[in-house]
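Report on one structure; see the data block that follows.
Just so it is clear, A, B, C and D label the chains in written order, and each chain counts residues from 1 on its own.
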């Protein structure tokens, strides 16, 4: 019954914690007591597995939101470390700030140089002050834009890792034209001739996520979410109470599975059981495999075909009727 | 002996002021007195003309610096008003500031739309706070860059008016990467396929001037100066005293005539006698004529030829030996 | 109702205004923005309109004649999409296109009311089929593509239809080499279409990329209010960006920001004038001069190109006639 | 001189340092920057070098072995242009080009000394003909174009020769499709050539425009100190910009700024780390790892392109041999 003890459990994981504790206690006693108890332990373990798979099978959208926001969830730099032997981070928008809630740099996959751009959250308060809880400022988006153009110049495919509550809603961010920073990225990303693969690894927070997410392939980790507004925000506006967050989360269709069915997401990348934080290595391997497959396909296209592929994909998004 | 009374005289113009005063006084008396005095007035007027043309003919480089910096000298907006029936100012770098020490906008010359970009000084303290004494910040250069690209997109010839002590040497300017803002303008200006004509109208202050001065044609007003460093700064560094400003001004070769002889300037545009501030209309007409002539020539070239013309011009700047 | 009665009722109405109409519907910004609506007054008294800037009573007909700008305090009242078109496009030359692109309910979305109902209500309230009207028409005899957003339609929110109509308009502009004008007024993305509404940001921006590559002019006109996903996509991508005086424009809503940074924002924050000072827009233009200035700007941006490229290709008129013939 | 004598003399020397050598010569920034020079010490005691960071006495030979970086305090001492080349380029592969481009005195300039004299003195002091060395060579077997500035030559100031050599180097890179590396160290423009030195900013930037259009890599390495016209032209135009720790880099000199804004500047102002925080450079790199990292970056930026374009065009080696054969 080995579970990584350092993982902080979520609400819906509480039954597992209780069971796990029970099993541990019984196991300790078993050493000194009779055989009958061994049978009980076996049964409990079976029960544990059953409960576990049921819990993780029936996660509600809001449960997924909780996993996506889990403080121990791997972030961009964790994945980068695991999927590439090299990492050269490139800094700054060249015009006044290095926004560390967005990082960018060079990695290597199968002898191919790849530009990685991703949002980055911190693990503690100090880190989060630096990373602004993964909420980018205009300067972060402009750093990303610089690196998009850099990648285009040097024929580097781009992979973006997205896990952000959204673009930072602050005074300074508005003063520096957050809107324009996002809008320009949308436009410029759509025009690149190098492949762009976006992976939603945690929270895909609205325009702040999309600003580095206009891609040939949009992949989502199994427990990630992607939404036009947070369920809390949606509930507060449409239901007029945050108590209806669950309803909003359901209605908005924000899970990887939902988005796959809506044709937004091209692939759902499996995570380790319980979420990526239980086994970052396994999840990273799955990510790397997905990248390899999509990259292989995209690199068969000419630059103009790559651009057209992305633009066609974007062009077809939306549902409406024409009589 | 009508002289615009509002013009503030410079040191070397003092003899003229004295003479002018003498003439006025005599003229007043003449009304009531004899004919003999009339002759004296005539003589004095002749004398005035002689002195005047001598003074203005033998202006030292430092005198020209003083005229170039004259507080009543016309600035970009004054010329714009006089040479074009329309003026639509375009604002901002789109990323956080509208630096008003650089202005830009659309004018029309002979049914042709032209992009004007220029430094702009203020006329009084309040205006100068807004205009920062014509010393641009990085945001000003980035506004200019945006307008360069705008002009390129819409096939608008560019005219730049330059009158600046230099790029602003301030903490904020360094923090926002003044160097990069200037450097990028130099690079991007050199690559445009629309004609660029630069006119030094007052002080051409080093890199801060050049950042909007990489052009197919560099024109200078008769009394304008253009230098790698201010004479005061040069004297302080090389002679270790500002007392040697005159020497520095001579040594640096900064006048329109000097630069014409060095092959930097393509044309020296005559000003009204005593300087552009004595007759802005006349000076503006001369500017407009010069623009028309150069524009006519440049518009005969194809876009690629325009670019090559500029790059070739820049390529050949510099004096060195090769054995 | 007589004028004196109106004055008597004024205080009552002010109080009533505090309990304004039911819920807004786009990502975050609208509820607060609706507070200024004056529909109650309009219903009470169609002859007179109370200025939302200075509270003065104005003859409705005179106000309209002045393009709904108060002559006393210069307040620019909100306009419908059709009024926008009327004010900018030469009389009789507007032809709507893609009005057959109509909303559906892809997520089967229901909050306190179903999205389907909301759509019906919005159509009834606003008299238009979606939150934008698009088409072609002349501005002082210059043919343009034009889109005008309708704030009364679910807060001018952008869903699939707004995205699709703008995209088609931009594509049409690209194909026909026409200048593009879009007048924005929006609270942001339309939540009821979930991620699909978010994707309209990418779709419109991508269409504008192609327009940009063809070196065609796009003038974006921002009006009270323009926020969220609209500002952060097509509205901020104009070659030229013009705003109306005092229009509030931004990415995040004022209240969201105040909650985030836990401090009060300056009064002029996110106004057109604030954006101007912060280098984000080219001009703040009075509504009375808007048409002339837009017309001038189009001329200034096309006359050089015409000389070079279109000298023997026939005039705009011809293109216009061809297009009309085809429709 | 024995070690103990050195210690005794230390205080005396510190005092002497305050009255440093005669005049600097570029636009504004150099005089203050020269204060850190340690030539007095070097002359006094060639076996030992006093660290300019921590004042510790270090074996000169050990210091050199550590690339002139103090092992105690990590201070990166200034290097000559030749030392730069040695540290970055594979042994024996550097070939200097355009060393026949030599300075003249176009303005016949004289201040307290004639420019002609200054040039002679500078050549004698520095052992190089101008303030930059340019050429080609290998970095871990990858052929590159490289330029290294010499601060000892009139403060690394840029006149016509620096401009011309850089321009030719960039043109050579463009023609031969080689990555370009420039290591900057400069007080700015060279006043003695007046406007001609200013124009070198435009000339080098224009050459880099063509390199950029050909999508070739340019790595700019900024070292203590880089200021003025050099920073505001080629030095800030790198696709990648790398600085050495604590190097001072900026446009205007510290003293000029303090005089302008009438306040003291923060201690770390204009350091490499400050620039990093302000988003102006990509990396701050220890000198000991500089070659490896530059080498990696070149590989990373060329391997994808090679695959696509150069698969059947022969290796770098061949190009290198061709070039050497031609020289």
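One rule holds for everything that comes next: a residue touches a chain if its C-beta (ideal position, glycine included) is under 8 Å from a C-beta of that chain, and two chains touch if they have at least 3 such contacts.
Note that the structure is predicted; figures quoted are calculated from it, not measured.
Novice: Count of steps on the shortest touching-chain route from subunit C to subunit D?
Specialist: Minimum step count, subunit C to subunit D: 2.
Novice: Any chains in contact with both subunit A and subunit D?
Specialist: Looking at subunit D and subunit A together, the chains touching each of them are B.
Novice: If I rank A-C and B-C by number of C-beta contact pairs, which comes first?
Specialist: Looking at A-C and B-C side by side, A-C shows more C-beta contacts.
Novice: List the centre-to-centre spacing of subunit B and subunit D in whole Å, with centres computed as mean CA coordinates.
Specialist: Between these chains, centre-to-centre, one finds 34 Å.
Novice: Please compute the C-alpha centroid of subunit A, do the same for subunit B, then give the distance between them in whole Å.
Specialist: 56
Novice: What's the distance between the Cα centroids of subunit B and subunit C, rounded to whole Å?
Specialist: The answer is 43 Å.
Novice: Could you list which residues of subunit A touch at least two other chains?
Specialist: Counting only residues that touch two or more other chains, subunit A contributes 94-96, 175-177, 180.
Novice: If I count partner chains per residue in subunit D, which residues reach a count of at least 2?
Specialist: Residue numbers touching two or more other chains: 212, 278-280.
Novice: Pick one for the touching-chains graph, please: line, ring, star, complete, other.
Specialist: Per interface graph, the chains form some other shape.
Novice: Which bits of subunit A are touching subunit C when the two form their complex?
Specialist: 167-171, 173-180, 182-184, 186-191, 206-207, 210-211, 213-214, 226-229, 233-234, 237-240, 244, 247-248, 251-254, 259, 262, 264, 311, 314-315, 317-323
Novice: What residues of subunit A sit close enough to touch subunit B in their complex?
Specialist: 94-96, 138, 142, 175-177, 180-181
Novice: Could you pull out which subunit D residues touch subunit B in their complex?
Specialist: Residue list for subunit D touching subunit B: 23-28, 30-31, 100-104, 106-107, 109-112, 159-161, 163-164, 167, 189, 191, 193-203, 205-210, 212-213, 228-229, 231-237, 250-253, 256-257, 260-261, 263, 265, 269-270, 278-280.
Novice: Within their complex, state which residues of subunit A touch subunit D.
Specialist: So the residues of subunit A touching subunit D come out as 86, 88-99, 106, 108, 111-113, 139, 143, 150, 153-156.
Novice: Residues of subunit D touching subunit A in their complex?
Specialist: Going by the criterion above, the answer is residues 212, 215, 217, 239-240, 276-283, 293, 296-297, 300-301, 303-305, 307-308.
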